[in-house]
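Below is the structure I would like to discuss, written out as structure tokens.
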Amino acid sequence: MSTLTSHKVAMLGTGLIGDFYTMTLHSQRGRDRVVVAYSRSEERGRAFSERWGIPRHTTCVDDAINDPEVDTVVVGLPNDLHLETIGKVAAAGKNLLVTKPLGRTGAEAKEILDIVESAGIFGGYLEDLVYTPKTTVSLASVKAGAIGDVTWVRAREAHPGPHSAWFWDSKRAGGGAVIDLGCHCIEIARNFVGKDNRPIEVMAWADTLVHPIAAEDNAIFLVRFESGAIGQIEVSWTFRGGMDLRDEVSGTEGTIRIDHFLRTGLELFTTGGSGGYVAEKAETDAGWLFPVGDEVSELGYVDMFSDMFDAIDAGRAPRETLYDGYVVNTIMDAALKSAQTRQWEPVEVAWRGGTAASIKRVPEYHQGRTVVKRELLPDGRSKLILNDPETGEITDVVL
Amino acid sequence: MSTLTSHKVAMLGTGLIGDFYTMTLHSQRGRDRVVVAYSRSEERGRAFSERWGIPRHTTCVDDAINDPEVDTVVVGLPNDLHLETIGKVAAAGKNLLVTKPLGRTGAEAKEILDIVESAGIFGGYLEDLVYTPKTTVSLASVKAGAIGDVTWVRAREAHPGPHSAWFWDSKRAGGGAVIDLGCHCIEIARNFVGKDNRPIEVMAWADTLVHPIAAEDNAIFLVRFESGAIGQIEVSWTFRGGMDLRDEVSGTEGTIRIDHFLRTGLELFTTGGSGGYVAEKAETDAGWLFPVGDEVSELGYVDMFSDMFDAIDAGRAPRETLYDGYVVNTIMDAALKSAQTRQWEPVEVAWRGGTAASIKRVPEYHQGRTVVKRELLPDGRSKLILNDPETGEITDVVL
Amino acid sequence: MSTLTSHKVAMLGTGLIGDFYTMTLHSQRGRDRVVVAYSRSEERGRAFSERWGIPRHTTCVDDAINDPEVDTVVVGLPNDLHLETIGKVAAAGKNLLVTKPLGRTGAEAKEILDIVESAGIFGGYLEDLVYTPKTTVSLASVKAGAIGDVTWVRAREAHPGPHSAWFWDSKRAGGGAVIDLGCHCIEIARNFVGKDNRPIEVMAWADTLVHPIAAEDNAIFLVRFESGAIGQIEVSWTFRGGMDLRDEVSGTEGTIRIDHFLRTGLELFTTGGSGGYVAEKAETDAGWLFPVGDEVSELGYVDMFSDMFDAIDAGRAPRETLYDGYVVNTIMDAALKSAQTRQWEPVEVAWRGGTAASIKRVPEYHQGRTVVKRELLPDGRSKLILNDPETGEITDVVL
Amino acid sequence: MSTLTSHKVAMLGTGLIGDFYTMTLHSQRGRDRVVVAYSRSEERGRAFSERWGIPRHTTCVDDAINDPEVDTVVVGLPNDLHLETIGKVAAAGKNLLVTKPLGRTGAEAKEILDIVESAGIFGGYLEDLVYTPKTTVSLASVKAGAIGDVTWVRAREAHPGPHSAWFWDSKRAGGGAVIDLGCHCIEIARNFVGKDNRPIEVMAWADTLVHPIAAEDNAIFLVRFESGAIGQIEVSWTFRGGMDLRDEVSGTEGTIRIDHFLRTGLELFTTGGSGGYVAEKAETDAGWLFPVGDEVSELGYVDMFSDMFDAIDAGRAPRETLYDGYVVNTIMDAALKSAQTRQWEPVEVAWRGGTAASIKRVPEYHQGRTVVKRELLPDGRSKLILNDPETGEITDVVL
């Protein structure tokens, strides 16, 4: 006799992200199901529901949210619709899961956060990339001390540009590549440096190099955290060669490199006989291709939804909360501002996190001098580079 | 109101494979659950049940099989216990899932197959490695024609040797590295060349190079299939550096390389601060390490159990049946015999599959000669290597 | 009867770089030879000369420079000795090859440049990393248009810190990781964006995160070039795991990734039996190691010296001139200033290069709207994202 | 005043290998020069000489060999011309360098060897692939004990087939892919297991799977050496995706993986704008490409010729002698015979090497039982797998 809980989901939005979310929920021995889909278009709603075996679809968002069977609403709509829609979910008292980014600005995200917290409903922030199996394993290693104190996180997401029109419209999206991709990278960096590590300030470059749009199609920015660690964010809508989704982490005792998408141990050369879908945002279907095994698993969707529903069942917070989404928005605000002012800009955030200690320096001494570096020579002797703490004079000695 | 089916499982065996199986079933939003564990040791049974939140455990295999809540029995016991145990599962009329290899010999596997088919119960062969996401994607590409006709499959599994004593005892296991690892590799090769592609004969080398045991600790063998394709199987219990689990496939129009475990896009360097479990059969915990993200997913366990339970629910055969397990055993018989007789040995199998066409040769002609090769020169001209079909004379011409 | 020219070299400096340079010159069928070595220490000079089969050594730099057999002087001395030493080489009228960086500041580099140009001697800037075979092949591809217009170059050099004391002393070196490693990365970026592409301004972060020194041990900076392309420079003296020497280039039509040192197709796992020198700056001698085949070739030394001596013989400029060294210094000046002022700083350079066109945007139109993106749908139809040039409205259409 | 020796070379043959050899000799600061080229075709000889700046060319092989300036003759001709041509070089008393394979059979190779040894001239076997920088570094590691005793060498060379017509004609070549590519792989294996390790017997599969020719286009064979080590040779003329040139070595204490050509740290994606030559045997010029930096260096040509000329100058044997070429031919004879007889065939060689000890087994004992495996458990305890030397009973114990 089964006593398993199974959540019934309203999926708002039937674009690419709706497909990914529903594929995840309905794949393998999927326990939780989408029971109603909302699309502004009757045609797309019907096609979506047929594709995924969803019993009902509607063009009325209120009907979807208030569907009596539904206990959880997934907001997979364009950014400019988040605030209004979430208000309705809060009013309905349903569990809320929101796609990234939470809002178009920190202020909008804060408004959303306040609404949800006032209503007392469950709120989960669907930042999938911190849930990838590789990221989860890496975070566990970092927490276990495998790489010492984190000094630097590079998070990079680059591809030839998004599929839907509204992403390219900065009025609806809130920006360009920074808003679309930067939110992923920022949250990856926050997870690695530690969520109690306050983001202090941001220095950004952004430009529109290739596409005929108003928003930036490339940006690079540095986030300086309280510990001194740096998050290096690289986003691009003009990358050629597929989807470049890589993270690198350096620490005082080690380093991590993650490639999520392009070099994952599966390589296929074809002269071009079969024109199938190889992977999200692949650019060619002949030559050397690098497919991903289980895309929704590798991109973190599977573990993300597991965490969300487990959190609802257990009455606990999920790993990624709406507050996290809000912090991400404030960092993007600072990045977009810095790209204009051309100087470091502070992150203006209502901080709830703790404080983080500075990156450790454990001074070692040799005859009253600080050891800068200790090196093993081929002949077995040790060479020390020494710094005189009073004069700053640098010398070396072989022991 | 949930109408999900959820299977209740008896797990026979609490060794490493029992851990992997149960971890898989109970992970993420696991719908199917282990409700009773059987171990010959009360102590190990108790620890196992506590580790995985299993309500009951027993040292009586009959009690586990006949537990009234149980509808499915997983046999994760040493090879020499398969035949007897499966007889009991068949008598109880429960669904049967058996770990690899099915038997110690083709004859034993046939006996098991007959028992299960007579009883009319569901039988699934738990060959996880053909279910890895990378393998599944690759098989789909091959079926879609991406690499043309398959000519060669290399399947390699190598590590420093198994964890439990009985593996090393050829009387209990039925052999050494061939039986332990060869069964995986053979079934990978069969999937890529097509299961209707009859294995004709085997040529094998096997030797005990390093370990003080009677069974082989290294073997290499070639399986020739009806189409002309070759399966190249490499197994070793003396590999240093972790678990080397790679497949390569060549076809007339392409090639595939799969690395399941050592180079999958996650790389970690550590000076050694954290002594955690990195991955199955990793040999070090400092220096450059190559952890796997989600081990049970990457090794195919997740998709394997999904297929098994979906097959039970749908009343269809799973992707891997006990008949497949039997074919694998007959190929291993031929390999072990060939290692003794030092010549090709036929595969003696009661064949139920179909027939496979030979690897395609599409002859192209130029002025009455067969085109051996067509090459594009840097200056844009084409160079043809030609074979005179009557004289066998080889010439070239530039067009 | 041989008519080969063979240059006779004075090697000033017997540190690690002197070893690399001499190893290169004397390796394989080395045609050009070091005939005298200068070291401040009699002991190190003697050991060096014995190591490399050099006939003479001296502790007097003037004697080395003015050695009558010598036609070419290699300056491999600490940065603070470049200016004075180069004055002597100029006075002697010998061919001059100088290790990187040219000076400690742009002003010092300019002074050196002026001295050399006044003397009319040959001057070569020994920036090896733009001469690596991979870089040379990549530059040829870029010039041939393989990746379109370059938009971004990431050049990264990171390791646990230099071997000699003087590098750590910013008074002698002129700075820390920026001066030591940034000069390489900047010149790599300049080569990829084109040397006629003027560096306009720099935004930098630099910090001393780990080592007990005054100079920066980590820095990241962006160089904006006239075309709009960005050079992203990452340097670190606190990296763990060996020497991380990678470049990435993105263009409007392609992308390049180069790994010079850590993942080059040679992988070795060892339980630690042999304690040999594996590669420059490797950190361990057990576990997975990634040696480099021919270090001096992979690091560009071989092709660099070939170009230098061929240039001397042919009376032409080498690929890397002292002017290039000067430009690099001015960019580092801007980086170090920006790290202080926390805003973009202009590059103050006496520019001799040409001008570079902006990154191309080739507008495509569809019914009066600009095509933002063209995407092939799985069903073979094309989806266009369109931008109304008057209203900025973004729409899509499927054809 | 230069006292450098510089060899003057006659290049016999102006095909692809003649190009590679001459490119190598004339590249960088090349000290040794080709002074005369021989081609059967006046036109090809002239084009070749112009391409490489060679002063003279001829269609008379005797004129080339006896050219008075020439001290060294490189035989880069089709296999069926080796014996006759080498007789002429021996008669002329010149230094001889011969491309691979030495002969078409062991008998022919022996005849060549006898002629050269009788004449007392220098003879070098131009097996480039054992001279690649990666191979040289790896061989040094193996000799230093880094991987313990070698148990297995996989050497693989696979590409879509050779460029010249005569390769495809087994009468002229002496066979197909085995003769063309197997000779490389065999000598790689011999170098790793040690040249004193006598090849005992060979088991081979060969087939013509794709091309319309009489010779084999695919083969796999195992060479068993005296120590028990296995050389696993894989050759193919039907590989798609470029040139697959990889070696793997396993030992009792480690493992080595070498990728010479396809994954060497240089990756380029292009939409196809520039149609240049990317690398030997690359198949596409768009999509992801994997060029090689310095092809003649990576393929070993540079270090091979350095060794040859240094050996001549020093009056010592080169690393690869004609005797090595002869041994390789005898192993290929056994392979081709085994492919016919379908059983192991002995290697019939006039052995001059020494003897090799068996792969080491260092037995460890625990309370009278042999330790099969020692494993560290997560809780820090050790688990031993034990073998009772009298009964063969396998047990385990946790300490």
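A, B, C and D label the chains in the order they appear, each numbered from 1.
Just so we're on the same page, a residue touches a chain if its C-beta (ideal position, glycine included) is under 8 Å from a C-beta of that chain, and two chains touch if they have at least 3 such contacts.
All of these numbers come straight from a predicted model, not from anything done at the bench.
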{"item": "Neighbouring chains common to chain A and chain D, by label", "value": "B, C"}
{"item": "B-C or A-C, whichever has more C-beta pairs in contact", "value": "A-C"}
{"item": "Chain separated most widely from chain C, comparing mean CA positions", "value": "B"}
{"item": "Whole-Å gap between the CA centroids of chain A and chain B", "value": "35"}
{"item": "Rounded Å distance between chain A and chain C, as computed from the means of their C-alpha atoms", "value": "34"}
{"item": "Euclidean distance of C-alpha centroids - chain B vs chain C, Å", "value": "49"}
{"item": "Residues of chain D whose C-beta touches two or more other chains", "value": "147-148, 240-241, 253-255, 269-271"}
{"item": "Complex contacts: residues of chain C adjacent to chain B", "value": "240-242, 269-271, 283-284, 286-290"}
{"item": "Footprint of chain C on chain A - complex, ascending", "value": "147-148, 151-152, 158, 160-161, 163-166, 168-169, 172, 203, 205, 207, 209-214, 218, 220, 222, 224, 228, 230, 232, 234, 236, 238-241, 244, 250-255, 277, 342-344, 359, 361, 363, 370-373, 375, 378, 383, 385-387, 389, 392-396"}
{"item": "Touch list for chain A against partner chain B, complex", "value": "2, 4-6, 28-32, 132-134, 136-138, 140-141, 144-148, 253-260, 263-274, 276, 291-294, 297-298, 302-303, 305-306, 309-310"}
